[in-house]
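In the two assemblies presented below, chain A is common to both, partnered first by chain B and then by chain C.
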Partner chain A sequence: MLSSFGITVSTISLLLSLSLLYLSYYDLKLSNNKISKKIYKFAFSQILFTFLSFITLIIAYVISDFSLINVYENSHTTKPLFYKISGAWGNHEGSLLLWINILVLFSFLFLILNKDKNKNFKLYTIIFQNLLISSFLIFLLTNSNPFSLLYPTPTEGMGLNPILQDPALAIHPPLLYLGFVGSSIYFSIALAALITKVDSKSLALTIKPWVSVSWTFQTLGILVGSIWAYYELGWGGFWFWDPVENSSLMPWFLMTALLHSVLVLERRIGLYSWVIILSILTFTMSVVGTFLVRSGILNSVHTFANDPSRGLFILSFLALMVFSSIFIFFKHAPVENKNYKIFSKESFILINNWFMVFFLAVVLIGTLYPVFLDTLTGQKISVGPPYYNFILAPFLLPLLFLMTSGPKHKWISSNVIGIFNIALFTSIILFFLIFLSIKEGGLLLLLILLFSMYLITQTTFDFYETFKNKNINLSRIISHFGFGLLILSISLNQIFSVEKSFNVRLGDEKNFQNYTIKFNNLETFSKNNFKSVKGHFEIIDKKKITSQNLTPEIRVYNKPETITYEASINTKLFSDTYLTMSNISNTDVFNIKFQKKPFMNFIWFSVLLISFGGILQFSRFEKRA
Partner chain B sequence: MRILSFIIIQLFIITISYGNESKTYEILKNLRCLVCQGQTISDSNSDFALTIKEVVTEKVNEGLSRKEIYYFLSDKYGDWILFNTPLKKNSYFLWFMPYILFILGGAILYIVIKKRTEKIK
Partner chain C sequence: MKKKYLVIIYSIAIFVFVVLYLSLNKNNVYTTQENIGKKISVIQLDYFDKPGEFNIQEISNFNFTLLNFWASWCGPCRKEHKYLVELSSNSNLKIIGVNFKDDKKNAMEFLKEMGNPFFILTKDPEGKKSVNFGIYGIPETILINKDLKILKKYVGPLSTKDVREIQRIVKK
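Take a look at the complex of A and B:
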């Protein structure tokens, strides 16, 4: 029943989307300067029906309606309610429906929030947005239908992969999609602006809030994904330069570049074409990311069950999108009025863009090169963290430096002496304090420490300034401070991490450095959907004379049958203690991995700060508008 | 010259580790677990990973250098096992393209800024 209802509702939303295309196109030719009421009505029904289709899918998951193949393949009656709901988007078809919902949501919000904008500009945006919506709906209905019927109806489902049954992972996709798909709206706006020849100021003002919003969500989505990887995957890291992680980072670089250059476009006339190119590229990159993840051409921890026909659709869609964008761009390419002065801020923002595009290029090459090499020559190589660290780390130095001084400098009147200020002095002192406690670490890492410290102290001083001068951009200060703190915490984390693994039997006691680890007890129990072996360990820090109990687990889930290794993490303000345990087959010996992970909280907190800057940026805009 | 090369080496080493054990850890972190999905040997609990862990520990204790161990493993399992992509003919593009792009980008930026500044004069 839900199957046919779901299909009907999504078909209606496709029809509504096509009607919107027709109506908007028709409305373009009318001479009145208000968008016709009909379009609003249709847009409203469109969002209603699209939401309804998503709710239908969620209901199917909640009541475990296994007559839907999608529910059968990804759910199970014994699963907790929360994960039944989040399971709705924990698979390809369901997440595609979520993707479409967000496309429609942004399209609708754009329509109702921009009442005073140029009529044709708005109409073209709606047209482009609905072209995207209808293509994805067609893809959904023909190739990846979450409502497909399964007959005869099975009595039990296959279950959701247990590592996906996690609160962080339940909100990770929606957050990331708000970022990814949020970029669709400025893709459409940019194309519409080209055709209707909107002036740079209104282009900037129109896309700015959308860029801030999508950038903030993208940042938060990446953060939640990293936190999940940290405690769920059990290796104590939070970023592996995994191809799928990379595909969330690539649009982020472009959004960051856009976030900066929009500022220039708003205040000074310039960068018009560049902002349009960036807007187009950002959404393109998002679709590329989706293609890479869904087509299964990449080997990654994130891989869904994949299917080449999906890849083929996304690839053709991508090709069509890119070529038509290029066509529209060159057909309507704006003549840049270059007769204006380049100001200090503008140059620095262009330098920011240079770095962001460079980072994007590195990540793109690192992600795709092995795929191309394999296809062309059959040689398989791996590109992992060492590559990215080696290439990217040196470039952090100029980036950190420019983030510190860039926003404060004047292009022509800048002087070298201005750099040696009190902030630099303070950071050097702080740096030496840290340096004294570091026993190892290469020169580059030390320099990164110093430069991030400089950024932190300088932005702290700037923050103090904002109390006196209300015109200073607080969101910039907070995000830049957050970035400085992020790099500092990651570097310190890198330097002070401790890792040690042992083979132990019950009752063993191991000593190393100033820690003692005791294996006190082993407990087995079973829960609704898994059986567990839980080790009780006591970790004694002989230097600080403290002890803590950690209980890593090995879980055997029954649906689907999977073994997971649950890390036990004791989080303190400055340092996490991280313990995982695995069994060695056919013995009573366990392998345990003990890790000290300093400054993890600071890493998470700094990313929160970075995205908080994005929220502030948005509220600033609201005030001014 | 010696000082210069020391500085250059220092620049590109993120952490200097010492001792056999940390050397083993570092190597294990740079190896792909071939039977897993994008995991390192160090993070994996699969039988394959356990075997490789033992092999690497053995080789480190025998006194082989990092390079020799990587070479030994890639000889046996192919370059696919190395997350630490070796610089070879097939990876020149990978290793050098970023720098070329960075310089190219810088050049374009320089030209754009210069052109615009000149127009004002």
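Take a look at the complex of A and C:
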């Protein structure tokens, strides 16, 4: 029942999208300057039916309707309600439906929130957006239908992979999708602006809120994914340069670049084409990421089943999108004259853009190079953290420095601002205090420490300034402060991390550095959907004379049968103690991995601060508009 | 000038897309397709519901044998099961099932619900013996002739096309 209802509703969404294309195209030719009422009505029905299709899928998950292949393959009656719901987007087909919902949501919001904009500009945006919507709906209905019927109906489902049953991961896809699928709207706006020759100021003002919103969600989505990896995957790290993580980071670099260059465009002409290119590239990178994840050409933790037909569709769509946008760009791009001074704010913002493009290039090459090499020569390699750290780390120095001093410069002026100021002085003193207590770490790491502290102190001073001067951009200060704190916390985390593995038997005691680990007890129990072996360990810190109990677990889930290793993490303000345990088959020996991870909370908190800056930026815009 | 840039950008884009297209068709998963044409080695499998072992050598008594690896927890196995039932009516072909890492009760329920196409049913509860056949995931189906030679290997669920192919080979 739900199957045919879902298919009907999605088909109606597709028809509505095609009608919107026709209506908007027809409306372009009419000479009045108001968009026809019909378009609003259709857009409203479109969002209604699209939401309805998504709700239908969620209901199918909630009532465990296994006549849908999708529900059968990804759910189970004993699963908690929360994970039944999140299971709806925890797979390829369901998440594609979420994709489409977000495309439609942004299209609808754009239409109703921009009542006063140029009519043709709006119509073209709606046309481009609906081209995207209808393509993805066709993909959904023909290739990846979440409503496909399974007959005979099984009585029980296969269950959701237990490592995906996690609150952080349940909200990770919606957040990330609001980010990078949200970037579709400025892709459409940019193309529409080119065709209708909209001036730079209104382009900047139209794009800006969407960039802030998608950037904020993208940042939060990455954060949540990273927290999940830290707690659930049991590696004790928070970023692995996994190709799929990279796919979320690449659009983020471009969004960050866009966020900055839109500020210039709003005030001055000169970056018009650049902003258009960035807008087009951001969504393109999002689709590239989707292609890499869904086609199965990469091996990664995000194992969507390998299905070349999906890859072929996304690749053809991507090719069409890229070739037509390049064509439209070259046909309509205006000629620009650059008129800014070297030491003005514009140039610093542009330097930010070069950094972002450079980071993007490094990550893109690191992600695609193994694929290209394998295809062209058959050689298999993997590019890992050493490559990224080696290339990216040195560039953090100038980036941190420019993030500190760049914003102090004025628009269009070319006065050089003195770099020796109280903030630098304070940070050098702080740096030496820290240095005396660590006395380790390479030169580069120490310099990064110093520069990040300079950024932190400078932004703290700037923050006090805002009480005197209301015109200072608070969102910039908070995001830059957050970034400084992030780099500082990561560096300190690198320097102070302790990691040690042992093979232990019950009753063993191991001593190393300042720590003693005692394996006190082993307990086995079963729960609804898994059996568990839980170790009780006592960790004694001989220096601080404290002890804590950690209980890592090995869980054997039954639906589907999977073994997961649950890390036991004791989180304190300044440091996490992290213990994982795995069994060695046919012996009574367990392998345990002990990790001391300082400043983890600061890493999470700093990313929250960065995205909070984005939220403020958005509310600032709301007030002005 | 504009045209020159356009040509350069288009050429780069075309190159990238061609490579990505090629990479799509390149299977980066470990395969055992090279086993085709080789003789199957002597392996013993436990019977599913009686004590004792089935010796793969006994296959030489049948004209053609289809070795199918399946489990009740495997969704694609459910999809292909109707094809196995269809093939089981062919007198020239015997289907031997290997129940892979499964729960006995669930497996029996599965066969009760979907039909039992297997001439002989064996089990591999730990998935260790299946490794000898190059099985790393299920469903997988191997077509073997009288001389114990592997004729075809189907990784993933059988399709209508596969079934027609098997029928064609077996009839010959």
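Please note the rule applied: the second predicted complex is superposed on the first by the 609 of 625 C-alpha atoms of A that agree within 3 Å, B and C clash if a C-alpha of one lies under 4 Å from a C-alpha of the other, contacts with A are read in each partner's own complex, and residues count from 1 in each chain.
Assume a contact is a pair of C-beta atoms (placed from the backbone, for glycine too) under 8 Å apart; a residue touches a chain by one contact, two chains touch by 3 or more.
Just so we're clear, the structure is a prediction, and the values are computed from it rather than from any experiment.
Once chain A is used to superpose the two complexes, chain B occupies space next to chain C without a clash. Once the two complexes are overlaid on the shared chain, A:Phe358 sits against chain B while remaining clear of chain C. By the touch criterion defined above, A:Leu233 lies against chain B but remains apart from chain C after alignment on the C-alpha atoms of chain A. When both complexes are overlaid on chain A, the residue A:Ile540 reaches neither chain B nor chain C. Between chain B and chain C, more residues of chain A are touched by B. By the touch criterion defined above, A:Pro152 lies against chain C but remains apart from chain B after alignment on the C-alpha atoms of chain A.
Minimum C-alpha separation, chain B to chain C, in the superposed model: 10 Å.
Of the residues of chain A, those at positions 299 touch chain B in one of the two structures and chain C in the other. Chain A contributes residues 69, 72-73, 152, 154, 158, 291, 295-297, 299, 306, 308, 311-312, 315, 318-319, 322-323, 326, 330, 371-372, 374-376, 559-561 to its touches with chain C in the complex.
Interface residues of chain A, counted against chain B in their complex, comprise 233-235, 237, 240, 242-243, 299-303, 338-342, 347, 350-351, 354, 357-358, 361-362, 365-366, 369, 373, 377, 379-387, 389-391, 393-395, 440-445, 494-495, 499-500, 565, 582, 584-585, 591. Of all residues in chain C, those touching chain A in their complex are 2, 5-6, 9-10, 13, 17, 19-26, 28-29, 73, 75, 78, 101, 113-114.
Residues of chain B touching chain A in their complex: 7, 10-18, 21, 25, 29-30, 32, 37-40, 42-43, 45, 47, 50, 78-85, 90-91, 93-95, 97-98, 101-102, 105-106, 109, 112-113, 115-117, 119-120.
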